[in-house]
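For clarity, chains are labelled A, B and C in written order, and residue numbers in each chain start from 1.
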Amino acid sequence: MAWTWFHRLGSPPYIYSLAGRLTPWFAWPAALLMVGGLYGGLILAPPDYQQGDGFRIIYVHAPTAWMSLMVYTTMAVSAAIGLIWRIKVSHAVAASCAPIGASFTLCALVTGSLWGAPMWGTYWEWDPRLTSELILLFLYLGYMGLRSAMEDVQRADRASAVLAIVGVVNVPIIHFSVTWWNSLHQAPSVMKFDRPNLPASMLMPLLMMLLGFTLFFVAILLVRLRGEVLSRERTASWIREALSPPMSDRSVSGKPISGVRP
Amino acid sequence: MSDSIAQAATAVNGSFSDRARTPRSGLTAATLALTRDLRLAFRKRGQLIQPLVFFAIVTTLFPLAISPELSRLRDVAPGVLWVAALLSSQLALEFLFRDDAQDGTLEQYALSGQSLSGLLFAKTSAHWLLTGLPLALMAPLAGLSLGVPVGAVPGIVASVAVGSVALSLIGSMGAALTLGVKRSGALLSLLTLPLAMPVLIFGARATELAIKGESYGAPLELLGAVAVLGITLAPLATAAAVRVNLE
Amino acid sequence: MVIPANPSPPELRSTQKVLEAQNLHLWRGDRHVLQGVSFRVSRGECLQITGSNGAGKTSLLRTLSGLMHPEEGQVLWNNHNIREDLQGFHADLAYIGHEPPLKIDLTAKENLHYWIGTRWALKPSDITESLERVGASTWSERPIRTLSAGQKRRVALAGLALMTVPVWLLDEPTTNLDREGQSLVGTLIEEHLERGGLAVAAIHHELSVRTTALRRLELARE
């Protein structure tokens, strides 16, 4: 029974309809959590002792930074599943993750830069975390670049899967080396992103935002996944039924459909 | 009737093993792959020095762009040497597998019954012997031109030699991934350089300490660790990428 | 679509050395290239694959060799799926694609030394004998770059003759060859079959192989 369900997950039409049905279940809670978290963080929580109100950007920066890493891992894991077990839907998931992850990374960089600007006096410092985020952005862009450079979708899937796995192995190494590098040179001002003793009034909104962003990611992933599946399966016969407009819109094509793609 | 068929079957079975030759061990096969690539490279001797010339040109750019004062150049020397080495080793990467992919010999490696990762590791080793090692020997000269003290030479050679091993291995993955892409130079760099950043960080630090006359053991060991990790894992990823592109 | 010309004689079916394709389906992009291809080739048999351009001959050969993965179906060598021990299957396989797999900057002798020598220990006399067999002795010391397409093809045949493996997969082995070269291909395949090997070859025209050992499979386009 469980195996049947798992096997159905590999079927594009099933995933298409499942993703459509699940999206509201993630989207609405995500919206509520994010609104609640923002309210808690921007309005309810007290200002920071040192940084005043400027630190409040952590409520966006920290979750997006965390998500950028989590999405990369998700991307690599589903790419690996697609590579090893040859499941096409898995590759579609990985492809859908990439732009979302890149956007999170960009957000993390921008919010990080805005956070640091009042303290540093400049909009950029080679802070270890920001530098790691920047390199992560390059990894995402490389992944997306490789995909778009290869015309054959199957090959692009499999090659970018190898790249994603190599990338995910490298992320800890890169992070370690960047932190090591930064510590050598006693950089002028290290951003205090540490949150060891956050009071509950600050921690709660942060967790709400984190959870909200995670659900948001899943919702957006489901929407993108549907688009990915449509694009990959565009010649398959089930598409017509799934997108069935009224009879008058159906055009007659001379080409016979020779079979359902597995 | 069935007796004669059985006899014929044995005779026929036997005739394959009469002619059958000793299969090569994996190590011998890999050595042959290495020597083949070295021999091929020496047939086109002119192309061998191109990365080295590029390296020399790039290191010359920095004094022109910054200042002729050796004291200033000495400060930026580690960075200049390493960025130049990184970019130079990128040059030859595009062609690591390209010719073999186009003339069908890469396919024969994949179908040889030998370990593909072993054969590709052999090719990458040949690439290092032809690019990385010469760079490591040339780097001190460039360093001297940037005001680096003579005592720093062993440190520079060691760090660039070890670092270029890691760079060749990382680059081989990128080259294998982009086999199916035409004019892949920019994409190859986009894929390889972020992965090479740890090598750059450790290598430049080792070079910097060597220039200052301090002990550079710690970053050199870290560099070695990355190289060892590369030797262990990169050939597997490279073989996987080649197989994807042979499909 | 399978159109077997001569089914294999019953006695040979029970012996070892059978290459079997079971219900192979392969898609390239949106094209359904292989639509349920099935066949068995036993020792001493040669299966000739015919079909127009784009019918999937090369894709079939690449799927048989394990380079391509079919979406459905499997390839069996001696009743085992080749995926179970792909490296072992490759040790029993000789595959020659469209282009002769030769480095243009090496000579014919050097090419064979590296190409076949990576798989088996060869004596130099083996190489010279094989090159002589295909009529390549006079130009065996020149770089491949200087040879014509037909000469390159002959060097590839010399390499093939050196490969003592049961399975031969050949993609258009007679391309660029003159009549003499084409009959050489036929002779090499015949000898291979007589040794108990089997062959699957995509060839446009007539193979000079005994008809009892020759079967045909025609691939139709979608």
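In this section, a residue touches a chain if its C-beta (ideal position, glycine included) is under 8 Å from a C-beta of that chain, and two chains touch if they have at least 3 such contacts.
Owing to the predicted nature of the structure, the values given are computational and were not obtained by experimental measurement.
Novice: Report back the single chain whose CA centre is most distant from the CA centre of chain C.
Specialist: Computed centres place A farthest from chain C.
Novice: Using the mean of all protein Cα atoms as the middle point, what chain has its own Cα mean nearest that point?
Specialist: Of all chains shown, the one whose C-alpha centre lies nearest the global C-alpha mean is B.
Novice: Which chain pair is joined by more contacting C-beta pairs, A-C or A-B?
Specialist: Pair with the higher count of C-beta contacts: A-B.
Novice: On a C-alpha centroid basis, what's the spacing between chain A and chain B, in Å?
Specialist: It comes to 33 Å between the two C-alpha centres.
Novice: Could you work out how far the Cα centre of chain A sits from that of chain C, in whole Å?
Specialist: Chain centres of chain A and chain C, defined by C-alpha means, are spaced 47 Å apart.
Novice: Touching at least two other chains at once: which residues of chain A meet that condition?
Specialist: Residues 152, 154 of chain A touch two or more partner chains.
Novice: Residues touching two or more other chains, restricted to chain B: which are they?
Specialist: Where chain B meets two or more other chains at a single residue, that happens at 247.
Novice: Give me the residues of chain C that touch two or more other chains.
Specialist: 69
Novice: Where on chain A does chain C make contact in their complex?
Specialist: On the chain A side, the touching residues are 86, 152-154, 235, 258-259, 261-262.
Novice: What residues of chain C sit close enough to touch chain B in their complex?
Specialist: 11, 15-16, 43-44, 62, 65-69, 87-88, 90-93, 95, 97-106, 110, 114-115, 117-122, 126, 143, 164, 166, 194-197
Novice: Going by the contact rule at the top, pick out the chain A residues touching chain B in the complex.
Specialist: Spelled out, the residues of chain A in touch with chain B are 83, 135, 138-139, 141-142, 145-146, 149-150, 152, 154-155, 158-159, 162-163, 165-167, 169-170, 173-174, 176-178, 180-181, 184.
Novice: Tell me, which parts of chain B touch chain C in their complex?
Specialist: It is residues 2, 5, 9, 12-13, 15-16, 19-24, 28-29, 32-33, 36, 39-40, 43-44, 99, 103-105, 107-115, 119, 243, 246-247 of chain B that touch chain C.
Novice: Would you mind writing out the residues of chain C in touch with chain A in their complex?
Specialist: 25, 27-30, 32, 35, 69, 71-72, 222
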